[in-house]
Amino acid sequence: MSGFLTTFFNVDVMVRYLPDILSGVVVAVLIGAAVVVAGVLTGLALACLRTYGLRFWNVLIICFADIFRALPPLVLILLLYFGLPGVGVQLSGPMVLFIVLSLTLAAFAEEIFWAGFLSVERGQWEAGISTGLGVNGTLLYVALPQAVRLAIPPLVNRVLAITKMTALGSVIGVSEILSQATTAQSFSGSATPLTLAAIAYLVLLMPLVLAARTFESRRDKSQGR
Amino acid sequence: MTNRPMLEIVSLQKRFGDNIVLRDINLKVAKGELVFIIGPSGSGKSTMLRCCNRLEQPSSGDIIIDGRNIMSGTSRDLDRMRLKVGMVFQGFHLYPHMSVVKNVMLAQRKALNRSAEEARARSIDMLERVGLAHKADAMPAELSGGQQQRVAIARALALDPLVMLFDEPTSALDPELVGSVLAVMKDLKTKDMTMLVVSHEMGFARETADRVIFMDGGVVVEEGTPEEIFGAPKAERTKAFLSRVTR
Amino acid sequence: MQNLIDQFFNIAIMSKSLPLMLSGLWMTAKLCAAVILLGLIGGLLLSLANLSPRGWLRVPAILFTDIFRALPPLVLLIFIYSGLPFAGIEISPFAAVVLAFLLNNSAYYAEVYRAGILSIGKGQWEAARSTGLSQTQTLTNVVLPQAVRNVLPDLLSNTVEVVKLTSLASVVSLSELLYAANMARSITYNASPLVLAALIYLVILWPVVRLVSRFQRRLAA
C-alpha cells in the first residue's frame, strides 16, 4: 500500500512539479475557452444559415457536419501538424489544436442547434413573419432563443467532451497539462505527476459535469418524470 | 363456507407529507359484490383503490384480502398477492412493444410460470371473453382506446384474481367506446367477480352496483344502495356533488 | 496545387502503406469489439446502479460516472498504461487500452441508458407490477425493451465515439489504424497515409453518422 502511495502520491514530487502542471492548466484553459467560443458561435451561425433553406449551402453544411463528426480529431491533428509544412504552411501546435477542436465542436454544435430549430413549431415562424418581423427578425427574436434554450443540455455535454480533447495537444508538443505531466514523469521517475494531472482535470471539468447533470435533471423534471 | 369479506379495509390512513389524503377509511366488500366509489377529484378515491394492491403504501391501517393481511410479507409475497388483485388503469398501459396476446401472456409466463402453450390458450380464452380474440396478434397501437382497455381487463383476468380494481376505466375514452368496456364489466359481475370501481359512470352504477360509496376530503361521507344514494342522498355534501354531476 | 496533391493525395504512397494500414484496421476492429461489447453491458449495470434506491449502490455509481466523464480518455490511458507499471502492476498494452476506454465509455453508455429508462412512464411500471411481475421481471420484459428502442440513436452515436476513441491507442504504440498511418507518414515524410486513414474512417463512420442524424430529428422540449 505504501508503495502505491509513494508511486502515485509522492508529496515532494507533487510540490516540485506543481508549477509546471499549473502552467499547463493555463494553456489548457486558454485553448479550451477559445475552442468553446469559436466552435459554439460557428455552429450557431451555420445552423442559422440552414434555416434559410438554401439548397447549396445546406448540402455544404451537412457535409461539413458529417465529416467533422465522423473523423477522429487526432487524425486531423496529425494530418495538419505533419502535413501542412510539406506545402509550406507552418502552424504551431496550439494553432493546429485550436483549429481542429473548433471545427469539430462547430460540427456537433451545428447539429445540436439545428435539432433545436427543428423543435421550434412551424406556427412560431408563421406568427413572427405575419406580424411583420420578416424572416431575419423572426429568426433572431423568435426561433433562435427557443432553439438555444433546447440546445443547452446536449451542448454542455458536447462542450465537456471537446474540452477534454485539449489533452490531445500533448501528442504534438503543446505544453498543456498532460504533456507537462509526462515530461515531469520522465524526469522524476515517478507516476505522481500523472496523478496531479488527473486531479487538475477533475478540478477543471467537474463543474461542467455537474452543470450537465443539473440541466439533465431539470429537463427530466419538466417532462414529469 | 365462511362469510368473511373478500376485501377488507381497516382504519386506512394515507399521508403525503403534511397532506392527509385518506383519513381512517373502513370498508368491507363481500365476495361477488360490486362496490362503486364516487366523489370529487382530490377526494382520495383513487388513492384508496391503489392502496388495495399497495401501489400506494398506506401510512397506517390494514388491507385484508381473502383473510390475508397484505401489509406484511416480503416483496415476493407482494408480487404473489398482486396475482389475486387485478387492476385496470385509466390509461390502459398496454405494453406497446408486444402484441395483444403477448400482453396477456406475459405475467402468466413470468409470475405464474405457466407454459407458453397454456398461457396462450388461456389468453385467447380471456380475449374471447372480452370480445377481442380476433385481434390477438395485433399490436396495441392498432386498437382503439376501448379495445385497448378491454385487453387490459383480459390481461388482469388471465391471472385468476379474486378481486378486480377499476381506476376510472372509461374516463380516458371517447364516449362511443365507453359502452363496450362497461359491457365487459357487467359480464364480470354476472360471473360473480368481486369488484371495486372508481368511476363517474352513474348509469352503470345504478344498473349493476350492489353498493355505492361517496367519498370527499379523504373520508367516506355516505354509503348505501344505488337507490339510496342516487335517489335519496342524506348528507348535504352528497346532494351537492350529485347535483353538480348529473345533468 | 501539384504540391498539395503530392503531400496529401499521393496514390503511390497510399497503396504502398495500405497493407500496413489494413492490419492496423484489424486491430481497431478488435479494440472496438471489446470496448463496445463490454461498454454496452457495463453501461447498463452502471445505469441500473445509478437509478437504484439503495444509497450504497447509487452514490458510488454516480461518483464513478461523474469522475469518468470529467477525465480525458487520453489522461486515463496514459495513467493506466505507464502509471500502473510504476506500482508494479503488469498489464498488456491491449488490456490497458481496453480498460481505459471501458472506464471512460461505460459512463457515457450509462447516461444514455438512464435517460432511456426514465423516459418510460410510471404507468408501464404500475401495470406490470400490478400483474404480479417483480421489479426485475418488469425491468427486463417491459421497461428495458422500450427504453433501448427509445435511445437507439444515442447508443449508436456513443458507439461512433468509441470507434473514434480507438485512434488514441496510437499514442501508446498499440498498432491500430492511426498508429500504422502515422508510422507510414514518418517513414515516407508524406502525409498521404494519414489522409488514407481519414478516408477509411469516413467510409466506415459517415453512413452511421448520417443515420444517427436522421433518427435524432427532434430534441426533447
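Labels for the chains are A, B and C, by order of writing; each one numbers its residues from 1.
Convention: contacts are C-beta pairs under 8 Å (C-beta built on N, C-alpha and C of every residue); 3 or more make two chains touch, one makes a residue touch a chain.
Keep in mind that what you see is a predicted model, and the values were worked out from it rather than measured.
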Steps in the shortest chain-to-chain touch route ending at chain B and beginning at chain A: 2
Centre-most chain [mean C-alpha coordinates]: C
Geometric centre distance via CA averages, chain B-chain A, whole Å: 54
Whole-Å gap separating chain A and chain C, where each centre is the average of the chain's CA atoms: 17
Separation of mean Cα positions, chain C and chain B [Å, integer]: 47
Multi-partner residues of chain A (each touching 2 or more other chains): none
Residues of chain A that touch chain C when the two form their complex: 3-4, 7-8, 65-67, 69-76, 78-79, 82-83, 86-88, 111-112, 115-116, 118-119, 150-151, 154, 160-161, 164-168, 170-171, 177-178, 181-182, 185, 190-191, 194-195, 197-198, 201-202, 205-206, 208-210, 212-213, 216, 219-220, 223, 225
Touch list for chain B against partner chain C, complex: 53, 55, 75-76, 79-83, 85-87, 89, 91, 93-97, 106-107, 110-112, 152, 155-156, 159
Footprint of chain A on chain C - complex, ascending: 3-4, 6-8, 66-67, 69-76, 78-79, 82-83, 86-88, 111, 115, 118-119, 160-161, 163-168, 170-171, 178, 181-182, 185, 189-191, 194-195, 197-198, 201-202, 205-206, 208-210, 213, 216-221
Residues of chain C defined as touching chain B within the complex: 121, 123-124, 126-135, 137, 141-142, 145-146, 149
